[in-house]
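Each structure below is given as structure tokens.
After this come two complexes, each holding subunit A, first together with subunit B and then together with subunit C.
Here is the complex of A and B:
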């Protein structure tokens, strides 16, 4: 980690301790395989030096909500926030164990994974109702943002009056269209990023400080 | 004769049910293989409960979840009292729900939802 980031981290911790600011719990939500854990890892790595969870191309790798506490993020204007990041399982309305067989799993492993995934989605919904103060809604910018699950989730988040940033991930891919996501959700800030390459991640941190601070 | 049962539920019937009763009604029908059409959609809280309850009902080689589509909701202009209370009314609209292994949404536009239904 570079010196600038380390300095920013120390400064924000000092300011948080000084002002005893209340901590927000920010949930990373979105459909499976949008890059939620990759984002959680990048945020945690950049500001605490640690990872949050494992990443995989197989859907529903994250099957329990994972919380990383006390992440202090500083903006360029000197303002800062300390938050808990909650990496949640991908939200969906259907899970079939047979989909996991395509990734070379045997039936028993696939059935267990499907069962854990269903429990994970239910848990993610529970967190949203009870324990989350703000949301980063993560979308794969190469996919159709108008999927019903996205429309429903944004509606649920809005009804709870939670601040939300929509993160348009995977802009390093040729089919990515963050503009399509902007037109789907014009009422919310949309930050296009590539979690994998770290592209635009500083803009996301600025928006987080501004939006969740 | 093989076929698919389609249940159309009126807004009056929905209004007479509690949120939990609505979710149970939907899941009871959909698990049996019926397609449900609600004249009025669910509230965000009810949608959240529906997702959670659906997950709890999924079984290997059995029910594997739901497919759901609705028209985009219309934000109604809030009246004076709603403005005062900081509330905005969201009009929920016609909603189609079915078993994920039988109902596939083909196309959704502003005022048209095209769905494809298969027998089990």
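Here is the complex of A and C:
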């Protein structure tokens, strides 16, 4: 890391401590395989040039919460926010090792993955309870949004009075229906994007500055 | 699930109702619950209840066990409809509820609401 970046960080920390400005910590939540880590990677790559975590088609690839700090996002009107992004494990109410076997995983590895995924859910909920100031709730736009876990999670986020943006991901796929997500959660802003292709990602950044700033 | 007599060390694997009458070996009334993990770490043969056939049957119905070093994650396990195992230590220490399903490891139900409730304050008299 070069001296300029180090100096910039130190100065930023000093100014924040001096003005007691608290950084928002934004959690990326959602069911497994919605594209949470892909979004975290894209945000981090666009604004810091670094990645956050590995992605895979097998559910529950992220089994520990990963935090990326000091991400400064600028809006088109000149305003900007500095946030920490927390990429959380996929939240679900049922985890079964048998679901992993179809991806060619051996039984022992699948059992350990199921256990780690369950611990990951607990960790994600712990972050939500203790340390999160805002939520980006990620949904796969090709899936039914009216799943019990989504309704429950949005209810929990609302009860904690946390600002939330619902991100309808995978709009590059032909079956995607962001409108279905809008009608499911009309009380919250819904931003349709494709994390993989970067489609509409600028609109998401605008919404983040407006909503979490 | 297995229980071990604290007096003589005899282990009862199959029928927990048996231990309500006391240990068949020494008549002891105190038993300790032996998690699968601990059992797999134990060395040497453990005297077990029942005939060879019963033991064989249990091995066949056993699903998956985790390698040594893993402690039970769940606070409640539904072994079969109407049969439950309670992890008293977990229940006493935490409000978070993870329910294990079936005899083996690897299938869980998670009570999300139990994980976001604020921690209870201790009452002091």
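Rule of thumb we're sticking to: the second predicted complex is superposed on the first by the 192 of 213 C-alpha atoms of A that agree within 3 Å, B and C clash if a C-alpha of one lies under 4 Å from a C-alpha of the other, contacts with A are read in each partner's own complex, and residues count from 1 in each chain.
Quick note on the criterion: contacts are C-beta pairs under 8 Å (C-beta built on N, C-alpha and C of every residue); 3 or more make two chains touch, one makes a residue touch a chain.
The structure presented is a predicted model; accordingly, all values stated were derived computationally and were not measured.
Engineer: Between subunit B (first) and subunit C (second), which, if any, makes contact with A:199: first, second, both or neither?
Structural biologist: In the superposition, A:199 touches no partner, neither subunit B nor subunit C.
Engineer: Now for A:121: first (subunit B), second (subunit C), both, or neither, which partner does it touch?
Structural biologist: It touches subunit B and subunit C both.
Engineer: Would you check which partner chain A:151 touches, where first means subunit B only, second means subunit C only, and both and neither mean what they say?
Structural biologist: first
Engineer: I'd like to know which partner A:45 touches here: subunit B for first, subunit C for second, both or neither.
Structural biologist: So A:45 meets neither subunit B nor subunit C here.
Engineer: Would you check which partner chain A:96 touches, where first means subunit B only, second means subunit C only, and both and neither mean what they say?
Structural biologist: both
Engineer: So subunit A touches subunit B in one structure and subunit C in the other; where do those two contact lists coincide?
Structural biologist: Correct list for subunit A: 91-97, 111, 114-115, 118-119, 121-122, 125-126, 128-129, 152, 156, 160.
Engineer: Can you name the residues of subunit C that touch subunit A in the complex?
Structural biologist: Residues 64, 66-67, 70, 73, 96, 98, 101, 104-113, 115-116, 118 of subunit C touch subunit A in their complex.
Engineer: So in the complex, the part of subunit A that touches subunit C is made up of which residues?
Structural biologist: 91-98, 107-108, 110-112, 114-115, 118-119, 121-122, 125-126, 128-129, 149, 152-153, 156, 160
Engineer: Given the complex with subunit A, which residues does subunit B contribute to the contact?
Structural biologist: Subunit B reaches subunit A through residues 43-45, 47-49, 51-52, 54-56, 58, 60, 64-70, 72-73, 90, 100-101, 105, 108.
Engineer: Please output the residues of subunit A touching subunit B within their complex, sorted ascending.
Structural biologist: Interface residues on subunit A, with respect to subunit B: 91-97, 111, 114-115, 118-119, 121-122, 125-126, 128-129, 146, 148, 151-152, 155-156, 158-160.
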